[in-house]
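In what follows, structures are represented as structure tokens.
Common to both upcoming complexes is subunit A, partnered first by subunit B, then by subunit C.
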Partner chain A sequence: MQFSYELKDSYAEVKSSGRLNMVAAPKLRELVSEVVAGGNSRIVVNLEETVFMDSSGLGALIGCLKAARQAGGDLRISGVQPQVKMVLELTNMDRVLAAYDSPEVAFSND
Partner chain B sequence: MTEILAERSFRGLATPEAIESVHNHLDAIWADAAFVPDTDQMIFTTAVIETAANVVQHGRPIGDEPVELGVELTVSATRLQAKVSAFHAIEPIVPYDDAELPDEDSESGRGLALIKALVTTLIFERQDETNTWILSKDSRPES
Partner chain C sequence: MSSSLEMRRAVVIEDDPDIRGLLVRILAKQGFEVSEAGRGYDGIELVRSTGAALVTLDLNLPDIDGLEVCKLLREFSDAFIIMLTARVEEIDRLTGLDSGADDYINKPFSPREIQARINALFRRAAAPLASTGGLQLAAQDDLARAAEVQQSLLPQESVNLDDYEVAGRFRPSRSVGGDFYDWYPTRDGLHLTFADAMGKGMGAALIAATVRAVMRSEAGRADIDTAFEAASRSIEADLGQSGSFVTLFHARLDAVTGKVSYVDAGHGLALHLPANGDVRRLRSAGPPVGAWVGRWPSAELLLAPGDSLVVVSDGVLDAFGNVEEFTSRVEAAVRSQTSAEEACEAILRLAPADMAEDDVTAVVVRRTDAIGT
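Let's look at the complex of A and B:
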């Protein structure tokens, strides 16, 4: 699992690739905390290359969403693949974590 | 007796890294059993990883020996099965049939509900200081 981030004009894009499981989840939390602490609370997690997510990965996304909102921003996700979509739907979290086709459109209407 | 067409097994200390090994075994069994539809592979992989992660996260040792995780995977023509065990472990504190989804804000507690939504049957057994969850999913090759 690898994470990286890039600051764009109106948001920070966090790229996640591989398996978002209990090994990777703490690393995602850590990275997003850093990004938020740096003054960027509008975050898009790009999941285009995330082939798998379990409930600990989902928990990390929810924790990151809360951190972004507490800092006055929001966290949105993009490029959701079939397995991640299934986990979001079965846990009813697709209503909470807004999914967009691409990082560029996630904050385009704000 | 249904013929086993592919099988894999893992046993090791119940650490987060063990989850990666179990996932690699799942990827390998699907390579051996490519006739299993992609959707069934995805569903079953998710259920097995959730169950194994549950052992790593909540397994507590009963004595001096650390908790070990065991996973036995078998594929037959119509059924996928996994026996996920926690060796040298106390009985689970959370009853395995307690599978309510938590509040939206909660950052944990969705694993069991997810497992139940994914498998055809889930059986729990405890014997000789070992907790075993037997997951099975009906699966037939796409015609």
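Let's look at the complex of A and C:
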């Protein structure tokens, strides 16, 4: 699992690839809190290359979403793959974690 | 820790290919079956999949700090960990840290030094209450006791309910796990709770035990919605800042009518299998408890003679690519068996222990066929 981020005009894009599980989850939380602490609270997590997410991974996304909102921003996700989509739907969290086709459109309406 | 000498497995985590090759040769010569990784995360997965008894760990890895690898390994493994570093001055600092490693060796090292250290580690473990080995055994003892406690919290006796069979099976991925189920008889029939706490291991197990107690404490409320609302508020308060959550399925059975009232908080893996007719997956009404502010309205179904209510954990789902396949395979497994007990066994076989990374749990409530009894 690898994470990277890039600052765009109106948001920060966090890329996550591989398996978002118990091992990777703390790393994502750490990276996003760094990004938020750096003054960027509008965040898109690009999940295009995330092939698997377990409950710990979902927990990390929720934690990051809370952190972003607390800082006055929001966290949105893009490029959601089938297994991740399934986990979001089963847990009803698809209503909270808004999914977009691409990082560019995630914040395009506000 | 694997104590059987004939199956000793070791993992070498080292990014320098020369040193890695050397370590592999040394360990193989000592009778280990050796796997190797050049990166930290790959190494962690190897230790998990092989159940290694020994790990040599380089402090400087390309993807993640060696100390972090050690911490992550300790979440699931009791393997002996020997940490290697090229910086002599690091050793003093490391020894003072509670890093989770069992020994430290500085590079360059001689093959004989490594051999001697490994022998010493395994000798200490074999002699109970010797310094480090004794502590390890004590920790293992704690874990074994925790596993016993967790097993004892599962419903022990079978339910004595005319025309119903109730069975459950739980297989944690480690000594203890975050899945659990509970049931108890009530005046009208039965209460059933099925939960899956985020994560694995001891942390998840502690949350599971709390949820069990909270759900039981609200059992006296006449109305399932009021009971669940009160319980979820308590659980949310308990989870507090832990950043964790729990998926929950809670049901109340009225034995005479077969009416089942249920609440599903982010679980989504309960199935109603009618004796005649299509399987129906019960959708969750709200998010997992503790994950997000939610409302969880209850729903109802009728369990007719010959019908089954089946609740399964996501450890089984992981064995399949999607919910549709999961549903049809679980349905087939249950329909191929005549008793609730056997149905649970058949469901667990869908996620073989050597494949499943997560806890695997199944509960089956079956209303016996009036004609068959």
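Keep in mind that, in the parts below, the second predicted complex is superposed on the first by the 110 of 110 C-alpha atoms of A that agree within 3 Å, B and C clash if a C-alpha of one lies under 4 Å from a C-alpha of the other, contacts with A are read in each partner's own complex, and residues count from 1 in each chain.
One rule holds in what follows: a residue touches a chain if its C-beta (ideal position, glycine included) is under 8 Å from a C-beta of that chain, and two chains touch if they have at least 3 such contacts.
These numbers come from a predicted model, not from an experiment.
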Fit or clash - subunit C, subunit B, common subunit A: clash
Which of subunit B and subunit C A:Gln83 touches, first, second, both or neither: both
Partner chain in contact with A:Ser17 - subunit B first, subunit C second, else both or neither: neither
First, second, both or neither for A:Met93, with subunit B first and subunit C second: both
Touched partner set for A:Gln2, first subunit B, second subunit C, both or neither: second
Touched partner set for A:Ile62, first subunit B, second subunit C, both or neither: both
Superposition clash, subunit C versus subunit B, among 5-13, 23-31, 41-49 or 95-103: 41-49
Residues of subunit A contacting subunit B in one complex and subunit C in the other: 21-23, 54-56, 58-59, 62-63, 82-83, 86-87, 90-93, 95-96
Subunit A-touching residues of subunit C, taken from the complex the two chains share: 41, 44-45, 63-64, 72, 75, 196, 198-200, 243-245, 247, 266-269, 284-288, 291-292, 294, 314, 317-318, 321-323, 357-358
Complex contact set, residues of subunit A against subunit C: 1-2, 21-24, 27, 29, 54-56, 58-59, 62-63, 82-83, 86-87, 89-93, 95-96
Residue ranges of subunit A touching subunit B (in the complex, touch as defined): 19, 21-23, 52, 54-56, 58-60, 62-63, 66, 82-83, 86-87, 90-93, 95-96
Touching residues on subunit B, where the partner in the complex is subunit A: 16-17, 19-20, 23, 42-43, 45-46, 49-50, 53, 56-57, 101, 104-108, 110-111, 113-114, 117-118
